[in-house]
Each structure stands twice: as structure tokens, then as C-alpha cells.
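This structure is in C-alpha cells; I'll ask about it shortly.
For clarity, chains are labelled A, B, C and D in written order, and residue numbers in each chain start from 1.
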Amino acid sequence: MADADDTPFSSGADDRFHDECGVFGIFGRQDAAAIVTLGLHALQHRGQEAAGIVSYDGSQFHVERHVGLIGDTFTKQSVIDRLSGTRAIGHTRYATTGGAGLRNVQPLFAELADGGIAVAHNGNLTNAMTVQRTLQKLGAIFTSTSDTETILHLVATSKEKDINSRFTEAVRQLEGAFSLVALTAKKMIGCRDPLGIRPLVLGDLDGAWILASETCALDIIGARFVRDLKPGEMVVVTTKGIESFFPFEPQKSRFCIFEYVYFARPDSSVEGLNVYDVRKRIGAELAIENPVDADIVVPVPDSGTPAAIGFAQQANLPFELGIIRNHYVGRTFIQPGDSIRHMGVKLKHNANRKMIEGKRVVLVDDSIVRGTTSQKIVQMVRDAGAKEVHMRIASPPTRASCFYGVDTPEKSKLLASRMSIAEMADFIRVDSLGFLSIEGLYRAVGETGRNSDQPQFCDACFTGEYPTRLLDFEGADNVRTLSLLASGT
Amino acid sequence: MADADDTPFSSGADDRFHDECGVFGIFGRQDAAAIVTLGLHALQHRGQEAAGIVSYDGSQFHVERHVGLIGDTFTKQSVIDRLSGTRAIGHTRYATTGGAGLRNVQPLFAELADGGIAVAHNGNLTNAMTVQRTLQKLGAIFTSTSDTETILHLVATSKEKDINSRFTEAVRQLEGAFSLVALTAKKMIGCRDPLGIRPLVLGDLDGAWILASETCALDIIGARFVRDLKPGEMVVVTTKGIESFFPFEPQKSRFCIFEYVYFARPDSSVEGLNVYDVRKRIGAELAIENPVDADIVVPVPDSGTPAAIGFAQQANLPFELGIIRNHYVGRTFIQPGDSIRHMGVKLKHNANRKMIEGKRVVLVDDSIVRGTTSQKIVQMVRDAGAKEVHMRIASPPTRASCFYGVDTPEKSKLLASRMSIAEMADFIRVDSLGFLSIEGLYRAVGETGRNSDQPQFCDACFTGEYPTRLLDFEGADNVRTLSLLASGT
Amino acid sequence: MADADDTPFSSGADDRFHDECGVFGIFGRQDAAAIVTLGLHALQHRGQEAAGIVSYDGSQFHVERHVGLIGDTFTKQSVIDRLSGTRAIGHTRYATTGGAGLRNVQPLFAELADGGIAVAHNGNLTNAMTVQRTLQKLGAIFTSTSDTETILHLVATSKEKDINSRFTEAVRQLEGAFSLVALTAKKMIGCRDPLGIRPLVLGDLDGAWILASETCALDIIGARFVRDLKPGEMVVVTTKGIESFFPFEPQKSRFCIFEYVYFARPDSSVEGLNVYDVRKRIGAELAIENPVDADIVVPVPDSGTPAAIGFAQQANLPFELGIIRNHYVGRTFIQPGDSIRHMGVKLKHNANRKMIEGKRVVLVDDSIVRGTTSQKIVQMVRDAGAKEVHMRIASPPTRASCFYGVDTPEKSKLLASRMSIAEMADFIRVDSLGFLSIEGLYRAVGETGRNSDQPQFCDACFTGEYPTRLLDFEGADNVRTLSLLASGT
Amino acid sequence: MADADDTPFSSGADDRFHDECGVFGIFGRQDAAAIVTLGLHALQHRGQEAAGIVSYDGSQFHVERHVGLIGDTFTKQSVIDRLSGTRAIGHTRYATTGGAGLRNVQPLFAELADGGIAVAHNGNLTNAMTVQRTLQKLGAIFTSTSDTETILHLVATSKEKDINSRFTEAVRQLEGAFSLVALTAKKMIGCRDPLGIRPLVLGDLDGAWILASETCALDIIGARFVRDLKPGEMVVVTTKGIESFFPFEPQKSRFCIFEYVYFARPDSSVEGLNVYDVRKRIGAELAIENPVDADIVVPVPDSGTPAAIGFAQQANLPFELGIIRNHYVGRTFIQPGDSIRHMGVKLKHNANRKMIEGKRVVLVDDSIVRGTTSQKIVQMVRDAGAKEVHMRIASPPTRASCFYGVDTPEKSKLLASRMSIAEMADFIRVDSLGFLSIEGLYRAVGETGRNSDQPQFCDACFTGEYPTRLLDFEGADNVRTLSLLASGT
């Protein structure tokens, strides 16, 4: 999901792309909400701003939504006790710039004529505002600035009788990326958009069905991985079991390749591939494509570490922790004082002088966004006495914005959209700079190469080739009506 | 407004009836939200649980909603700063038993096809759930458990083009009590139900129009009282001035007579009468109807004080503060520890032994609800050495529940619904007990008597004669669908 | 007690003198801390900033100290549960300007060589800083800015063996006003300074001894009033009973006469007199000394009310609530936004136009401090249409600061210290102004008049005649060492 | 520092030893407190429960103490603004079991006869309670349960005239471990105990002197490392510069060798050695002493990582991230719900099945405390399909408690104190288990071996040979008087 009052161009504080959500649901298990809490904790890397859980106890729904980390806000016994029932779904979301408050924290809940429904959404719709305007003209009231609310309204206004049909009718009207988990009084529903842009997996915990964004959320509770949902698949879980539907016209999958590069947790397997393993292969491809005569390979922690290990093994160079990360830094960025903000990158990273002094260093990072962080890290490594600094990036240059649920700067702020690689090397002041090629990236994920007629993945951030229309972002009608409500609680 | 998950029979903690809301709006004035804060502070006696303010700054709406007293939650500069603009409306609401959280705090806001609208509501609809079920079948999504949300949906789904017509169409479908203040990008709208059950006055502050529940909210900011809105009147304020409409079939006014007895602040003038003055006349009528040979007249503070003064003057007896109220008690009742709750009435009142010992005491109180408080106060006065205790009540016996926005116990818990006056005197252990007659009450408000064919006021709590249908509370269809969402944030 | 970093001249926000503390202790009763909570609630008028309770459970002391009202901070079950034991003492303190934080909230606790001791103090020492400097030179460490800590150090450094002797040695070194309640593992101790400036009463609850600032704190829990402690008396409560000691040279009592005028609650009896009754007599004396031809007598609520009733009865004029107080205002003054602060007095009071218009009004207030509030109230009454306004003050002009535990403005800011009565009448714009004479005040408290050689009360705020040395406030050595620690948590 | 109400045997939640504090001070720099905030953030790994900062602005001290992480509690502008001045010291402390509240958060401040003094302490005194009892008999009042308060009292009661002499006299009476940073109106003082058990370094930021626990706190702000303070050295910084003193009898250094094993940050250099480098050498020594035929080397992240890299390089085996750490877990352990606590180790770590399945795995961890964590991690690795699991521990078996400022379980709970290595291997269910020898550890830190007559380091946790008396923990006099005050705020 995404906020309408956030442009897709708004940027995170730390010069990375950010996935905006993780979803998790379980059906038919004591302490369902406590289980969801654990699942969301494993998915915390997909969103740190806020989280919510909706449970159903057989007669009533219960909802808790809180700003902050799962481990801080959902670990009180009183919170868990309020979420009674054997069915629950949850959502964790990324800290967006505007911070629109609890209104936008998911799952969203609505009381329809035939009962309640809660929906949690990973991804971003590209026609939400267009649909919303149509619905508003018919009298629908929107109370959040989340595109996800559109889904609820489509279900609510469907003329179909049963919830399966209503949900099907609703999702058929959506464009963009959506991995959904929904809960009604009788059912838990999972659904992926026809391109399967965002991940969604099916698991099983002693007979209770689970839906989760990544397999690491199954591992944390010892659940069994069953399979990835297929692109365009909708599964419906009831007390009688699980059913699978395919409401959409069949299309070729276009899974987000950046999930492998950065978003997913290294211990997850997505779409059949182990993420850590892919990242190591990326590092190896990078070493083959961009060899360099050097003394040590140093990751920019933690996202560059698996690729650096792959690079070092391929290049037969020592892998060293030449940069140490301060793991307490995370929350600082939520409410930083100005005087601290300007101290910059050292809050988070410190060069390990003893390892670096006098060395020719290969720095491995996952991507370059604005380049400001790279600049500071390179300077820090030079200050620590590196003789040479060679930057190797474990992905192609990121040249275009994402409209599918990732927080990216607007295109003009992407370093690669306005500079050649040579200019970028100059900008971040390295002795050499190498990116993985798009073909190399496809090889790392097991393809022989990119099929340019019908790419096997969504790689729009590298290529600018978007796999769907971008209806809300085209033409003169691009008005953000919900931006009228600027803020509030 | 009222919560659907509160029966109208739920009860306050302190054995009084409670009005559930105060509303205030201003159009065309710098620091509009700060002004609204002051207005709501003056109306705090109409609701202490929570408050909200919505402002419009010319391009965007801003909303702040907080649990607690205005003086605690809306006095931070940061809160006021966020509520920018020259137009704002606000609402303060009573602490209901269930405490349904911020979802129900008003004003409610909705983004309609042609722009935002915020609504604040004093009163209670008697057909909200019936209307709601119809709307839900058409696909409407309800997110609060407040009857007020129904109004927003009716405006949203109206087929009319302009907001005046849409609002008119909406309010015509409502039954019950409603004094509304609404804010759109261009207009502030005020509206009273055709019976004018709840108050709403029009004021003026140096050219800025004001709508408020009571005149005391004008006084606090030095605004000029213009007039009461008429029953069934709708006023629309724009930058061009104010217009008046009458969307309903004309009906005879049925203003809530209990506003004079207890709800309104003594310094307010409502429907042309000063409340303190009416209460003194009530006391005088009470002394005439129920004379007693005694030494002193003692009010049950603070609500019994004006009537006690009137009684003492009429009876030519000394008025004495024989019971002292602890003014710090208010908040205790919000979160009392059990051990304190059971200590009972002395948290709030203490007998002044020196004044009472050996005296024949006339105790004057505004009403008897369950009788438990009266019982304790009488005991306290006896313990302080009173020779005789004569209770005089400044209203007729309260025998029926209110469905128009007042928190009342269910009928069976009203002492007067199950006991004769003699039995009640016995129950609260007084030497004599006298109530004001319904005719006496009508005389105190300036009538020659009650017109039993067409009563001049709503006096349903005394007579059980409700001036409207009670659609939601009749028949087999009385299902509370929203109770499915039990709790949440 | 008083803060060293508050000059005695600092001023409250609302133009009144303020007593700075209430104390309460109970020994030998289940739920002792819950009882203390109730006692402090009854004493809330003596201090609203913060409160603390220390209990002893037979092996350990427990302490809770919180900023805010008792009803807000000590009503949670968890707080009470932590304060286990059958013995507990508590303290509530006035909101001082600086807000020195939890460090200064009492009771103060210290671990001495022979066990713990907690002390709660009402009053103010006039030699605390002098003693403190001596102690510091011997190596004592002060951690609060409270004069009360001095008492703990004197007990700690006493060479006596048993706690009675140590405590006696300590209090003999004190000058100024102190009504103390202390708790050790074995004893509860109460002590009044030799002049008995501040009140302290002894009570009994089913065999459990109680010490409290005022009798209203006994009434709230149904405890029996035993007697006032005598000036200079020290009582020691153990499981064996109560013992009385007189550690000081006998002196004539000098009880604070302003306790009758304003500080004490009207339902309390202090030093044998009922406060409400004294205030009525004050009103009657005032009417005799300062008669006026008028239509109504109106109190400035709530502090002027008893005197106004007495005035009206004596003058045979109608007593009317011509000014209505908003009882929700209290907390507003704790954190007011600037825009609200400047709206001034109407936050708290509103004139009741209907009662006042066209009338000749006698306004009765308890005292005039700076005169700013009087000015605004008079203006408000004039704006409401009063034909004449006659101000009558229920005490002599306040011309001097208090150094005994009352928050007063510095002398130069006291209106009466720089203006004649005629000038004051002009300043507050009344048609006439009358104060009670000092002789009239003494008559109201039952004396035939003031003994100018040996005044029966401390009346320093009216006369400037201080009953003790003011060591800390004299000479060149008047350095506030503790002011070095400006703030903190 | 350590709390008296925590036995040194109390245990952390996560089966590791925990250093209890970090200290930082700066003298002569704009925004001193903001700089201290950054320094403490870099030292956050030394203590996460609470932190405090005291600044001096030329006339007044300011103190802020908060529970929580620096990045959460000291990043608000308002907090930093209150800490004005160009001199400031700070302290961060470990989450102890009892959680004794703000009373124990350092720096502690005292107002002495000649001015204020604040002290921050890393380490633990072994004679604090003995000294305290003596001081209490002389009348000293203790208000915290921290051993650090003893130091303040010794300074306060010193008969010496100037602060240098007073401080010297005080520290000479201390036994145990102490690295102190103190601030007075004129001076910043740093001092290490004569054995130099805890680290303390001197730095320089553009002319402003800095004292810090580790060099990483210099790096974060770009300060220059000057040198380690020498064991037994006391430095005094004034506006005139820095002076060095040696108040103690010279002794051979006994620096804590466990700082290299686990406590210090890998990018710090302590006592001349880079921590990461030492850990890699430890890993190499471990590989030499305990070779194993295996496929991959997997660290238990993050503490085992450097040793695992060293092991892998020495053994010429692939280093792989076979266990992924969830970096959001930290705060969960502060307030875990029961249902989550029992889910155990997977909150924090997950095995990366793809890397592990079918492999012979060498797991490298820094130490074994109770063994429960090791047991779970081994099980997790086996569940992920490992063919063999060989555990290698980067330190000797930990057999004894630490009394010098480290939170350790009591001796009987240390696995190595009650089992042989073979039994331990059985207990944690590994195919083989190897520890580094004590000689190997000494070699890794650059010694040729351990001098058993005069060990070069404090290695008491491995050998049980304590370098000081343990006065408070011997004999019948071991009474914890302060435990009388059980809790409180």
C-alpha cells in the first residue's frame, strides 16, 4: 500500500530504497495474534513505522494499531490479550516522510452489510485515485489516505452476493502491485496481482494455514513452507480447508527483482530462490564483470555483506569487516535532533582503521540511490588510510522511480539518472566504480539473460520499463483529492 | 451524538444524567482553532471524555482529536499550530462507559467527491442504525460506531449537486435530536432538528460568525450573542455572509426542559431564558409546593445551588454551605482504583458539621437518578448531626430514559420508575421528600402550565412522552451490526 | 517545605497566595497507602503540583512520587499495589513557578545507619540554607533543592542513639514553620514548630493513628478527630501507642491567621474553629465595618463565597451567584498555550449578566494580591451591566511576603504595599473598596482584638511582624548554593 | 558502577556477559551535550537501559537522565537545549534485572560545600558497602542504590581543601574497578583504578579534551585519539589544559581480557590493540588449537563474526552467513510478553537452510555462559539440515563470576563451572566442542603466554583469580542495607 499524500518520489532518510510493507495472517490457531506478532517481527525489515493486527474471535473483530516497532508496541500482554481469537492478520509499514498517523496504519477494517472485513496490503495500486474518484462520485467516504481503502470500497459496493465473488470483482478492478491478506468472519483470503510483483507465501503450522510476505516469517515460528502463491492467484482459507482461484487473465510473471537485491531478508526464499545465495552469486558476477587488483573486500554493512562474500570468494581476496555498523542507530532516524542529523553517516558506520590503513579496498554495496551515502562512506574509508578505494555495486544503476510499493526518490534525484558511471565515480570520489550489468543480474537469479521482449522480472527501477499502466500518474486528471486532509489523528 | 455500542441505558459513574456533547464553530477569524478551544472549554460541562477540532486553511483541512479535557489536550502550542486556518469547528464529548477510543471522537471528517466535510453533532439520532443498514447494503463503509457517521454518508450519497441541497437531503432523513455544526471548504453550516431538542446559538465576534451549544461559549471570548437558531433552521455561513433555510416541515418546538434543570451552565441563556434565573425560580416553586419547617437550606453542590438559593429566598430561611465539594475530584472518576471507588461519596462531598449539627436541614438537589448518591449524602448529613433532613428535588421524578443524546440509566434503574415518593423517602432515609411538579417546572420556565396535548418542551424523562419515533429501539430488527468491532485504536 | 530555587517572592499564576503543602500519615491499618491517597486528595487544595507517598511493609520501604493531581496519579491499582504495608505517609505540594521536578517531591527518604526515614513537611524553614552550608562543610551531600532535606541531614548526623533523641536534636536546630510527619521502620512521628504556624491534627481510624494537615482529611475516610497537635509538640506513634513530647522552649502560639482567610478548606476545623464559620463571621464583620447601599452581594467564587454569605446575612441583602466559575479550568494553568493565556480571566469566571445588569453589586473576595485579577473581574462585572461595583475584601490589606511556606509575590508587587486604599479603589476601578481591619479579623476568629505586644497569630502578611528570625534572608551571606543545579530529572 | 540490589550474579536475558557502563566527557566545546550524546550513542553497546548527561554552563549545572536508548531519549531538541554549556559528561548503563529506576541513572550529582560535582562510573567497587556503612554511621545520607554514590560521599567528607586533593583522597579508599569521569564547575577529571581493569581513553576535538570508554566514541565525532589513560592515572582538565597525576601505589596492569573477547566494539582500539584484529587472531588460534574437517565456517552473529572470519582464513574454509540475525530484536527483550519469551531464540536468529543443508558446519561463538542459547542455536542448525555441527568458542571456558562491573550469572549457573568439555558438548549436542586455551587467548593479545605468577590481564572469569580483595562479598557482614528501599521513583 502507499499513501496518497506521499508522492512515490518521496525519499527515506538513509539513501536506500525501502519496501513499504509486510503482511502476515494465520487461520485456526490458539493465540493467533501472538503468532502474527512474531511473523511481523520477522518481517520488520519491510516496514518500521507502524503495525496493526486484526483478530476475529468467532463473534467479534478486534483491532490494535500502533506506531513503532513490533517489539516495542505489540509485546505487552494487555495488547495481545485484547486480540483474542484463532484467526488474525497483520501488517507492518515503512516510515513514510509525511507520517500520516494512525489513520493509515493497516489492516484497514470495514463493517459491510454482511459483516466485517479487514485487509492488509503490500504493494501499491497505480489506479487507486482514479477508482477512488469514481467511487466518491457515487457517495463513498474515504477516511484514510491509503490506496488500500479503495479495495475495501470495491468489495463493499460489489453487487455480488458472496464474499469470494465480491472480492474477485474488487481485485479485478485494481492495477499495480498488490499482495493482499484479508480476514472476514468466516475466511482468510490471500491474493497476488496477476504479475506477482510483490511476494506472498503460503505456510502451515500444525494444520493452521499461514500467509506471509516472506519465508523468514514462517521460520521464526517453526512453520512449514508450502509454496509461493502464484501470480494472479487468490486463495481462500476456511475451517474446511483452502481453495485456490485465478480471477485474472493469465499473464507472465514480473516479480520485483529488487527484492533479491535488497528488500527481502537473506534467509528468505522467494520465488524458489534463497536470497543470500542469489546475493552471493550477484557478488560473484560482479567480480567477474568488474575485476580489480586489490588487497581486501569490505562490505558496506549490512546490505552489502552477502555480495561482498560472493565477490571475495570469486576474486580470491580476503573478506574483512572494514566498516563496523552501530546496530543501535535505527531508531535515531525517527526523531533526530538537528545537531545530530548533521553529523551524518558516522552515527551508523565507522571505518575500522586497523583493517583499512594502507590497503587497496574493494567496497561492495547493494545499490546507489542519491550517492550521498556512498560519498560519505568513501570519504570515511579514505580518512582511515585506504590507499585505493574501488566501489562495486551489486545491481545495475537505479535510474527510474518505483510505483509498486517502494519508497524511492524522484527520478531527478537518482544519481544514475543524471550521470554516467565515470561521472558517478568522480562524484563519490573512488578510484574505480563498477555496477553489475542487467544481464549479470538476470544470470545471478538463474536466467540465461534478460528477455527484452518479455522481461522475466519487473526491473523498472533499472530499465524504466513498467509492466503496468500508471493511470494515476498520467495526464491532466492527476489530482490528489485526499491531500485536502493534511494531517491529523 | 451517541455510540451504537452504548445502549442509551448505560450509566455514568456519578448518578446524574449527562449531556453528551457540546459543539462550537467559527468562520472567518485569525486563530480560529484557538478560539474554538476556548469555546469548547466553556462547554466542557457538556462532555469531558474527549474533544476534537477540524480547521480549514484555504486549501487543506486539519484535524486533532484527543482523549481528555480541553485544558489538558488542546493547550499545547504545537496542537494549535497544526490547526491552521480562519475556519474551525469543534466538539467535546461525554465519557461513555465503553470508551470506544479515538474512532468516535468528533468532528468526523469525510472526503467526498466534491471536497471534504467535517461534522460535529450534539444529540442522538433515533433512526441511525436503520439508515445505516440501508446504506451498508448499497456498499457504504462505516468506520466508527457513532450515529453521526450516518449523516456523512447521507450527504455523500445524495444525488444533489450543491452542498446545501445535499446537506438538506441528508438531514431530512434523520430522526431524533441533532444540533449540527459542519465545515466544508467554502461553508460553515449549522442545523437544529425540527423540534429543536438540543440548543444551538448564533454569535458574532467582530464580524466572524459563531455557532455554539450555549451562550457561555460566546461570553468566554467576548463574542456577541445574536440569537438562538430556530428549531428546524439551517444556517449557511460563507465569506459573503449568512443565509437561513428551513428544510423541514414546520413543527412546534420541543426543547429539552432538562437543559434548564441540570445540563446547561447557569450563566448561559438558552431559548431566551437565563439558566440561573430559571433554577432560582424552580427553587422558589419548589418551596411553594413543598414547604417545610426548618433551620437552614443546604444545596447539594454544585448543581443544587441555584435552586437552593431560590428556595431559601422564597422560604426566608438561611442559605448555608453545609456540604463542601472537593473540586479536584473530577478526574478521579475516569480511572479510579477499586479501593477508592468503594469509599464512595466523600471523595466529592463533605458535610460541614459545624453548620449542620443540631439543625433541621433542607437539602436541595437537582434530581434523583438511581438514588444511591442521595442515600449517601443524606447519611453523611445525618452523621454530621442533623436533627432532621428534608430533601427537596428541583425537578419532577425522572421515570424514563432519554434517547436524545443524554446518558441515562435504563428505566428499571431509575428510582422513580419503581417507587412511590413515600418509598423513595424511605429508601434515601429522609424525614420528608418533595419533588417539583411538572406544572411547577413549566411555570418556572415561564409557561402558565404544561399543554398536555402539545407539550411545549421535551419532558420525556419525566413523562415518558417521546416527541419522535424511536425507530432503532423498536421491533425485532434491533440489531447492532457495528458491535462486531469490539474494540480498537 | 519550600524550594531554595524559588524565592519566597515568586508568584502563582492566579493572583492568590498559595499554601505550599499538605501532609498525611497513618500507622497500623491495612491498605495504608490507599488511605493516604484519600487523605491527600482531601488536602489537594494545599498543593496541586505533585505528591508522594512512602509506605513501610515491615521489612522494606516503598516510595511513589508523581507530578500531577492525586486523582490522576495515585488512582492506578499498580501504583497502590507497589505501596504495600500498614504504615504510610504522604505529601502534596503546590505548583511552584520553576517546576523543579521529581527531586523535590516529598516525602524525602534517606537510608541512615540505623534504617530508613521518610519526612513530609508543611511550612518553610528560615534557616535551612544556613544550616545546610554548615552541613556541607562537614561533607553532607544535598540532592534536592528542598529545605526539608536539611531535616534529614540533621537527623542523620545527630550523635544521639535512638531515633526520638535524634529527631529531637534535629528539630531543635530548625527555625521557621514546620509541621512534620516522619516514618521510620518502627515509628510515625509528628511535630509542629514551637509557634505552631502551620496546622497539624491527630485523628483515629478504628485504632490506627492519623496525622493530617486538616480535619477534612479525617472526614473523607470517616476517621475521628482527636485533637490539634499543640505548638511545639512532638508525637511518636508505635505499635504500643502514642507518646507526646515537647522538645522546645515553650512559646506563645502564633498560628497563621491566613489559614482561616483562604488556605484551609471551609469544612475543616483548625485550632478549634470551623473555617466556614470564621469566614462567615469575617463577612459579617466586613459588612459592619464597611456598609454599602446595594442590591445584591456577589462572591468572587469560590474563595469569597462564605464571606459573601456572611456579608449578605449581616447586611440583609440578597446573595446571588453573579459570577459563575468554570470548574474545569484548574489544569489549564499548568500548560497554557500563549494564545489562551492572553484571553485572561474569562477562562475561569463568567459574569451572569441577567443577575447583574442594572444592579448595585457588592463583590466579596478574600484578598487582593497584585490586583490584576480584581481589575479584570470588576471590568467583567461592569461589562455585564452593573450600575455600581463595591468591592469588599475579607481580610486586611496584604502588605508583606510570607516566609513560612506560602507562595507570595515579592513585596513590591503586592498592591497594598504601594498604594493607599483610595488608590487601590481607583486602580481596580470600583465605586468603593473596603477591607476588613486587623482588629475585625481578630474578632472574627474569636479574640476581643489583637494583642499588639504579643499577637495571638502570625499575621505577618498584613503587619510585617514576623514571629521568628529570617536568618536565610538577612545579611551578605544570603547565597543560594543549590541554585547551581538549575534543572533536571 | 553496579547496583547494590543487584547481586553480581544476576543474569541478563540473553545468555551473554554484559558490560555495565560506558562513560564520556568533553571540556571546552560548543554544544558539549550534543557531542556527549553522540559519544554515548557510540558506546551504546556498553549499556542500553538508561543514560544521563550533566552539563555546566559557567554558572549552573544541568542534568537529564532518561530510561531508554540514547537515540530515543536524547535526540529531542528540547532535551539538548536544556543541557547548555561547553562542558558535559555522560553515562550509559546496562539493563539490570531489578530496574531500579531513575535514582540509579548516572552521572550522579551532588552539591558540596564548595560547589557541584557530577560523577560517571564504569566498573564496580568491591568495598562500596563496607565504606558506605562507615559513612552512614557518621551521618551520610544515601539516596541511590549505586556504589558510585559512595565516591561522592568520600569526596564530600574529605578534609582536604582543593578538589584535586579531595578527589585523590576519595579514590584512594576505593577497591575494585573504576574508570571515572567527573565534572565540577572548573574541572573535568578522569581516573582509572590502579589495575586499569576498565578502559578509559583520552581524545581531542579541535582543542577540546575528551574522555571516553572506547575509541569508537572518538571516531563518531571525528575526534583524535590521544592515548589510553594509564592504570592508576588521574587526569584533570581545566581551561588551562590537562594535568596528569598518579594517586595510587604503582601496580602492574590487569586490564579485563574479556573486553577483547566480547565487550568492546570491534572498531575500537583498547590498550593499543584493535579489537577486531585481536578477535581475528583469536579465531586463528582457535583454528590451530581445535582443527576440524568441515565444509563451512558459520559465525553466531554478531559477536562470533570476527573470530569466525579469522578461523575460516586460518583453516582455509569458506566463511558463510549460515545464521541470520534479526536486528530489530533488541528492544523486544526489554518488555517481552510471556507468549513471545517462550518462543526463544528464533526471535533473534534464523538458520539459513540453503547454506547449511547437508553441510559439516563449524559454528564460532565468543563464549558459553549458561549454554541454553548454544543449545538452541545448535538445534536450529541441525533442524536446517546440517550433517555435522562443530562448535568452536573464541575464549576459554567461563568458570567464575565477575565483580568488576560485568553482569554475570552466579557461578553455579555457568555451564563450564559444573561440566567438563565433553559433558558440555553432550549438553549442547554438538559433534565436537573446542574452546580457546587461556594461553591461546594470551597469544592472541600479543603475549607469549600467561604469566601465572603475575597475570598480565584480569582473567578472573576464566581462572577465578581475582586481582583485588572482594571485601563486600566476604564474611558475615555482607548485609545490603540499601535493600530497605525496595522500589520507587
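As a working rule, a contact is a pair of C-beta atoms (placed from the backbone, for glycine too) under 8 Å apart; a residue touches a chain by one contact, two chains touch by 3 or more.
Since the structure is predicted, the reported quantities are computational estimates derived from the model, not experimental observations.
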Problem set entry | Minimal step count in the chain contact network, chain B to chain D | 2
Problem set entry | Intersection of the contact lists for chain A and chain D | none
Exercise. Distance from the CA centroid of chain B to that of chain C, rounded to the nearest Å?
Worked result: 37
Seminar exercise, completed: chain A and chain C have mean C-alpha positions lying a whole-number Å distance apart equal to 61
Problem set entry | Centre-of-Cα separation between chain B and chain A, whole angstrom | 49
Exercise. On chain D, where are the residues touching two or more other chains?
Worked result: none
Exercise. What are all the touching pairs of chains?
Worked result: A-B, A-D, B-C, C-D
Exercise. In their complex, what parts of chain A are in touch with chain D?
Worked result: 31, 34, 37-38, 41-42, 44-45, 48, 69-72, 74-77, 79-80, 216, 219-222, 265-267, 269, 274, 276-277, 302, 305-306, 309, 313, 318-321, 324, 326-332, 335-340, 343, 346-347, 350-355
For this session: State the interface residues of chain D toward chain C in the complex, per the touch definition above.
Result: 57, 59-66, 82, 102, 109-113, 115-116, 133, 136-143, 152-153, 156-158, 185, 481-489
